[in-house]
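Take a look at the structures below.
Two complexes follow with chain A in common, the first pairing it with chain B and the second with chain C.
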Partner chain A sequence: MVLVDIRETKSVKAADIFLQVRPGKDFELITILRAMIKDQPISETQIAETGLTMEQLQDFVSRMKAARFGVMFFGMGLSMTRGKHMNSAALLTLAAEMNAFTKFVAMPMRGHGNVTGADVIMRSQTGYPFGISFNRGYPRYNPGEFSTVDVLVRGDTDCAFIIGADPGATMPQPAIDHLARIPTIVLDPHVTHTSRLSRVHITTAPAGISAPGTAYRMDEIPLPLHPALESPYPSDEEVVRRINETLMKKPDWMGERPQILQTQI
Partner chain B sequence: MSSKRFLMNPMRTAKQGVQVNVGKDSDEYKEIVTTLSIHPNDMAAMGVSDGDRVMVKTEFGAAEFGCQTAKVPEGMIFVPYGPPTCKLMGGSTDGTGMPTSKGWEVEVEPIGGTQAESETE
Partner chain C sequence: MEMKVIDHATCTFCGCVCDDIQLHADETRIHQAKKACVLGKAWFLNHTAERKYPDALIDGKEATVDEAIEAASEYLYQADMPLVYGMSNTTCEAQRQCVALADNLGALLDSHTSL
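Coming up: the complex of A and B.
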């Protein structure tokens, strides 16, 4: 296992080799690796910029090529620093190009909860994993335009429905300020920072503990969850279903109800 | 005591992940998300010691944190994501959907006092 990070994390103990890359030099490092696997010329000066040495990278490349099935796990260190999607795209390209030599895949590391499940279900129902707008009656995908932070910071929405997430404790302040301005409705087993700025908080049963469902593992394997404890609270699914039922009873104010998903898979 | 510029890297920790499920009102969660990990040399350069309070400023906002010596590279500070780091983030995502929330330059200014004093105020 080769660990690449800007500092020694706890994962160092599990790693065989630790490569300490200079902050903000991920794109440069990945681009150099892409060149090196194809035997393109690379200078010591170019490598020095990343904080690593030619020997370290030559060893890294030979280890990648010698693997029978390699996997690159990447996290927010790539996607939330300068370069963002360009960094992730470079890594995905490196993984794709490594397949000229051996089997290689790249997989994003997921944070807490069922993040992969949200992506998988959105993808199967709409064709897109996130950053989707339904405002024309059909799904459109454009990260940077329809993604949550952008929609909130621009002030596009006049209502927000937050299920099992706490943007009030994670998003940039301008996005949080907009959530506080508009009617925000929160479904969560806990009272969160978002609950405090919302108009309505509905306590729901924690999924996997008191509510059944399916969680997706990081490699997109679905795992059925059987509740171990009873909860006095309804599940997220039940609350959303009841809200949907009530909405359907309201008169069709647009004249023609936009295309909606009538059933849940 | 003097202020100093740092490269700030908010992050996630296993401890923080546990506390998210316990509840974000707990003192433990609050302490986790308001404690900066700093290299000992940087602490000395600013004239602060473990537990001292500092104000972290970006072009978008400011938030107060407590200091803690840690094995991190010089010139960089680390803190788990939470309400204080939200105040430091700008709203632009550069057209990607993802706000810049790692590896950005901040100014750290000692404000005197310890974490315990600030809680009793």
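Coming up: the complex of A and C.
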């Protein structure tokens, strides 16, 4: 196991090799690795910029090529620092290019329970994994334009429906301020920070504890939930379905238009 | 008190989604979560079947679920650009309903992935 980080974390103990990259130099490091696997010339000064040495990287590249099945795990340290989604894109390209030599995949490390399920469901129903807009009547994908933090900070949205998340505790202050300004609706097993600034809060049964269903593991394996308790509250699924049913009774916002996605399986 | 044992329970605290947890539970709470990690134990043992919170709140005041669903639908219906966000700590079945909701509303749809 090779660990790449800007500082020595607790995971160093579990790692065989630790590569300490200079903060904000992820994109440079990945690009150098992409060149090195293809034996393209790289200068010592270019490598020195990343805080690592030629020997370290040559060793790393030969280990990657010698592997029979390599996995690159990446987290928010890569995708949320300088370069953002360009860093993720570079890493995914490196993983794709490694397949010229051996089997390699890249996988995001997930914090929350069923966030992988959200990706999978949105992908299967709309064709896109996140950052989607239906405002033209068909799904469009554009992170940065339709992603939540950006939409809230710019103040684009005039009503927010929050389920299984607590942006009031985690998002930047301008985004939270906008959530407090607009009607916000929260579905959560607890009264959260977001519930306190919302107009409507509905308590629901916690998934996996008292609500049944399916959750996706980080590597996209669907697993059934086996709830242990009976909840006095309805499940998320039931509440959202009832909201959908209530909305279907109202006239369509686009006139006599059939629903775009014909099958909500 | 009768203890119910559930083998192969699934933990949804983090992205690992361990599915080999053994739960020992009575009517109101889970007493033991064997094979779960520190985070998983806290997740299973801290949730109870008690009615700790009101069914629903509208403008901070207690309300019934029916009233809250009506109010939520009206806010969403009246909005020009509603946003459906989150979907991490919930089931795939609920996520499908959320996609349908965003589709019906012509809304924005996004998850934790964009963070």
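FYI, the second predicted complex is superposed on the first by the 254 of 265 C-alpha atoms of A that agree within 3 Å, B and C clash if a C-alpha of one lies under 4 Å from a C-alpha of the other, contacts with A are read in each partner's own complex, and residues count from 1 in each chain.
Throughout what follows, a contact is a pair of C-beta atoms (placed from the backbone, for glycine too) under 8 Å apart; a residue touches a chain by one contact, two chains touch by 3 or more.
Being a predicted model, the structure only gives us computed values, none of them experimental.
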Open item on the list: Between chain B and chain C, whom does A:I132 touch in the aligned arrangement: first, second, both, or neither?
Closed with: second
- [ ] Quick one: classify A:T81 as touching chain B (first), chain C (second), both or neither.
- [x] first
- [ ] Figure out whether A:T214 sits in contact with chain B (first) or chain C (second), or with both, or with neither.
- [x] second
TODO: Identify which of chain B and chain C touches the larger number of residues of chain A.
DONE: C
TODO: Could you look at A:H226 and tell me whether it touches chain B, chain C, both or neither (first, second, both, neither)?
DONE: second
TODO: Once the structures are superposed on A, label A:M248 by its partner contacts, choosing first (chain B), second (chain C), both or neither.
DONE: second
Open item on the list: Is A:A15 touching anything from chain B or chain C once the two structures are fitted on A? First, second, both or neither.
Closed with: neither
Open item on the list: For A:H190, using the defined touch cut-off, is the partner it touches chain B, chain C, both, or neither? Pick first, second, both or neither.
Closed with: both
Open item on the list: With both complexes overlaid on chain A, does A:P143 touch chain B (first), chain C (second), both or neither?
Closed with: both
Open item on the list: In the overlaid three-chain picture, which partner chain does A:H112 touch, first (chain B) or second (chain C), both, or neither?
Closed with: both
Open item on the list: On chain A, which stretch or stretches are contacted by chain B in one complex as well as by chain C in the other?
Closed with: 76, 80, 111-112, 130-131, 143, 147-149, 170, 190-191
Task: chain A-facing residues of chain B, complex - done: 7, 9, 11-12, 14, 17, 20-21, 23-25, 60-61, 71-73, 76, 78, 81-83, 86-87, 89-103
Task: For the chain A and chain B complex, residues of the former touching the latter - done: 6-8, 10, 20, 23-24, 76-77, 79-82, 84-85, 111-112, 130-131, 143-145, 147-150, 153, 166, 168-176, 190-193
Open item on the list: Per the contact definition, I'd like the list of chain A residues that touch chain C in the complex.
Closed with: 76, 80, 108-122, 125-126, 129-137, 139, 143, 146-149, 151-152, 156-165, 167, 170, 183, 185, 187, 189-191, 195-196, 198-203, 206-218, 221-226, 228-237, 239-244, 246-248, 250, 253-254, 259-261, 264-265
- [ ] Would you mind writing out the residues of chain C in touch with chain A in their complex?
- [x] 4, 6, 8-17, 19, 23, 25, 27-30, 43-44, 47-51, 53-60, 65, 68-73, 75-115
